[in-house]
Amino acid sequence: MSETLGFIGLGNMGEPIAANLLQAGYTLRVYNRTASKAAQLAAKGATVVPRPEDVAVAGGIVLTMLADDQAIEGVCLPAGSFVERLGSGGVHVSISTIAPASARRLAEHHAKYKVAYVATPVFGRPEAAAAKRLWICTSGDATARKRVMPILAAIGQGTFEFGDDPGAANVVKLCGNFMIASAIEALAEALTLAEKNGVNKKDVAELFGKTLFACPVYQGYGKQISEEKFLPAGFRLALGLKDISLALQTAASSSVPMPLASLLRDRWMTAVAKGRADMDWTAVALGVAEDAGLKPVAANTNEGK
Amino acid sequence: MSETLGFIGLGNMGEPIAANLLQAGYTLRVYNRTASKAAQLAAKGATVVPRPEDVAVAGGIVLTMLADDQAIEGVCLPAGSFVERLGSGGVHVSISTIAPASARRLAEHHAKYKVAYVATPVFGRPEAAAAKRLWICTSGDATARKRVMPILAAIGQGTFEFGDDPGAANVVKLCGNFMIASAIEALAEALTLAEKNGVNKKDVAELFGKTLFACPVYQGYGKQISEEKFLPAGFRLALGLKDISLALQTAASSSVPMPLASLLRDRWMTAVAKGRADMDWTAVALGVAEDAGLKPVAANTNEGK
Amino acid sequence: MSETLGFIGLGNMGEPIAANLLQAGYTLRVYNRTASKAAQLAAKGATVVPRPEDVAVAGGIVLTMLADDQAIEGVCLPAGSFVERLGSGGVHVSISTIAPASARRLAEHHAKYKVAYVATPVFGRPEAAAAKRLWICTSGDATARKRVMPILAAIGQGTFEFGDDPGAANVVKLCGNFMIASAIEALAEALTLAEKNGVNKKDVAELFGKTLFACPVYQGYGKQISEEKFLPAGFRLALGLKDISLALQTAASSSVPMPLASLLRDRWMTAVAKGRADMDWTAVALGVAEDAGLKPVAANTNEGK
Amino acid sequence: MSETLGFIGLGNMGEPIAANLLQAGYTLRVYNRTASKAAQLAAKGATVVPRPEDVAVAGGIVLTMLADDQAIEGVCLPAGSFVERLGSGGVHVSISTIAPASARRLAEHHAKYKVAYVATPVFGRPEAAAAKRLWICTSGDATARKRVMPILAAIGQGTFEFGDDPGAANVVKLCGNFMIASAIEALAEALTLAEKNGVNKKDVAELFGKTLFACPVYQGYGKQISEEKFLPAGFRLALGLKDISLALQTAASSSVPMPLASLLRDRWMTAVAKGRADMDWTAVALGVAEDAGLKPVAANTNEGK
């Protein structure tokens, strides 16, 4: 259990994931662009290194939890990157939500160095990460996947495998975020309809959360939207737009019209244009209410923060 | 417990509901347009009457489970209707999904005869009705609502109250059906994206049904859509279009733009235009797949049936 | 040329149309709910009558220019209406934009009195009506249509015939208003795109009005939208919503999904919900700009008026 | 008038444009990837060169008419490109429809070689190009623009200037193509509504082309759609999807939600997924008709070609 893992990216999600790996007994070499964020992990026993490539040991495993396609390519593609350092037998476990096409390109790139790329996007907010309650999708090289399963078991409550295509897990992840965003839109429209017809929207959200939609997405988001509580952001609205756009981009390259995803993209883009990029992504509900002529209080108190 | 109830409308939903009332010990006077459908209930002890108005006893309770606004108005508004027969102290328990505006109009009509209108739309398919597992929304006159609560307890697993406005419960019901239809569209688009990207859509549906969307709507519909099983119809596609249209009509009269509901209406209307009115309402997924250039087998085998 | 015509409805459109009939030499018996509006026509030689039915002479022709389906039914259906007075050989020339289904119902109703219903919806604003520059669509009983052609020639610049179905002309009229609304939405989106990319939107509107879209609709509306001039209303936004809704209702009853019409309905409804019902219907462009984060000046100066 | 111009790209549009330049007295050095297509121009006096960079003379002018952003970058960015050959005082006149952002990037690139980039996207099909009836939008370096005005006068019927931003002209071009696509969708929905209501759609298209929409776009496309004539392609459906996608991409980077453009993208993508990429872009009307349950003959005869 004292295997050494590299870990790059200690943001809201990366930090608790790395902490759980330490707690599970792994030895960790960590890097973060903002060094201060690594201090807490150092106190728990992680070795902080000065450059991303320094996290890697030959033939070892490196996990990355970075913001987007560009950030991952930024640490993977330059000469002397951690991928080269890993070399033959190495494994890159990539946790971020990125385009399936990017994942496939990275896998091809890594193959030149005999490094396997394993996609492991996760579902769950920072609290879920801290509580080891992430749901994990994985795909990529079968041998490497088998090797990393115990690691995934240490950070989540369940892992679902989607075969050898390194892009597959991210397809599923984009499907999931699209479906969550769809649920947010549906809740926002339904609760606005209720409100303008004199029905208490908190009661409506509660009813559905207890019955037809007794599942985390509807319970949590139904509560947030009906209580108009959009700050602090559990998941930033701007990141939601990024994920919906990735889904549409993936859909376009496989000729899949997704009119609901198009509608969501416009809804999210409107919210960004109105200055709500840093609010929780449920704040799109403000736009739904405004379009119905309501003047939600949260629109004023939250804006511009 | 031997109170006498009237019951009009013994279709797929009405028959099991009436049977549960008999089983709970109520005395039932029943009417159905197609008399043969009442025979089974007669065998269980119900009294079958020849005309709808004959189900009523003065000051009693009549439940109706009819197809739509027109059908209800057809039995309520003519001279000599069951409403007149009920007279002072009577209660009309209306289970159908109708426009909130129609419910309010009926309540006004009934008031002339000192009859209370209690709206009690339900969530659940015929199997759920048979198993007393319906979820019930109710609103209307408070005294009458209190009186009918034991009756509702005999046919469902829970009742949610939405105050004195006779239209309120139907607003909530329309919100619910709109949200279910939204979930169907989201599932259909996501699973089509998965399929065209080489990911097994049954695995994807299963993942979401076990994790983020571990609730009946996503589990049941996710399975149906991913297995392309659209017959027999649990809920007819044409009825789904009716309910989405009612939601939009209610939204229009309160100036609530619901772009997702508009999208759903067009999707459902396309399915009806393509001859799928009698398939299960998840069959809209066929259109999603066709728009992506797929030729789902179920489209051919089911059509026109 | 001294034939006597009845005319009901002297609003913004009806008054100039009636004036042109007088000028063409017809004898006119006119009625308007607000009597004062008839005074001007009286000065020009029209006979003002106290009740709508009084405009009719046996076997004659009555034109109506009323606000909507309800208004027309209100003067046609009651016992003793002008339709009964017309009687055998009479013709009702109905200029309003109404549902094709309503037109067909009226034709059936009139047939009982041997009165022909000729639908003659028109394209053009009040200025066009005054200048005899309306475009007229007509359909209905062939003999009656032939009889009224000279009348139509006196009020418009051209008449297009669409056969015997009394609903047909209104189908075409709804197509036209839908297409105009589509052009407004397209202009609004395009000009907002230009503006946020630093391109002068007046130049863009002018370019298209001179080239690809050198026709009245794009020239006029392009100018209004690019100059953000939404008052006074040439055509009230609320009436636009009525017509788009009529188109969608007609489409629904013939199972024609019209996603663009659905989008327009939501756009127009948003504008009404934001208090812009009485602005010109091009004011939907304010919503397009607001959704892009712009704060158009016209939104503040015009609102609530 | 015997100035030497370089010309790269002799496709359906490039060939007639180049021919008009020859006819206007310019000396032409031309390059096309498929050499055979240059033969016709050679016969008219053009000098055919073996590599794209060979069209350039120091300080001269090169026009390009290439398929997309990638094609242009492919001839501009490599070392030794025509841009380097042009050098100080040179001008690149870029006729293609590309992303405004690409135009700006190219202008920056060219500046390193003291070459000016002038954007000159055009409106018009090949017949219009042959007849010198193109409408031209232009923007970019003011001095260079002034220099190329006579050239533009030789190939079009009018040029509209949009200032110094090299991206501006393409913003306008994308606005235009978006507006044309919107008109196609509006026509298709309106004519389907007419058809399913028993109204002759050719008559409807003719009416609008003569009245409200008496302009080339509606006349030409209205005729094509109402006659269901989608082959041969005047403008390939796949190119239409490219342009709508470029408009949406430009809109996204400036936070402009364009729901109508989103709708068009899905409509066009559906047509591509159904195998209609090579039909005329009006063939999206087939999908509109199919969604309404019609089985247009053109769908079968044309598909797969």
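The chains carry the letters A, B, C and D, assigned in the order they are written, with residues numbered from 1 in each.
Simple rule for what comes next: contacts are C-beta pairs under 8 Å (C-beta built on N, C-alpha and C of every residue); 3 or more make two chains touch, one makes a residue touch a chain.
It should be emphasised that the depicted structure is a prediction, and the values quoted were computed from it without experimental measurement.
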item	value
Taking each chain's C-alpha mean as its centre, the one farthest from chain A	C
Interface composition of copies chain A and chain C: same or different, split at half	same
Whole-Å gap between the CA centroids of chain C and chain D	38
Gap in Å, rounded to a whole number, between the CA centres of chain C and chain A	52
Computed distance of Cα centres, chain D from chain A, in Å	39
Per-residue multi-chain contacts in chain A, two or more chains	255-259, 263, 266-267, 270, 273, 291-293
Touch-based graph of the chains, sorted into line, ring, star, complete or other	complete
Footprint of chain B on chain A - complex, ascending	100, 123, 135, 137, 158, 160, 162-163, 165, 167-168, 171-172, 174-176, 178-180, 182-183, 185-187, 189-194, 196-200, 203-204, 207-208, 210-218, 247, 250-251, 254-261, 263, 267, 291-293
Contact footprint of chain A on chain D as seen in their complex	245, 252, 255-259, 262-263, 265-267, 269-270, 272-273
Interface residues, chain B side, partner chain D - complex	259, 266, 270, 273-275, 287, 290-293
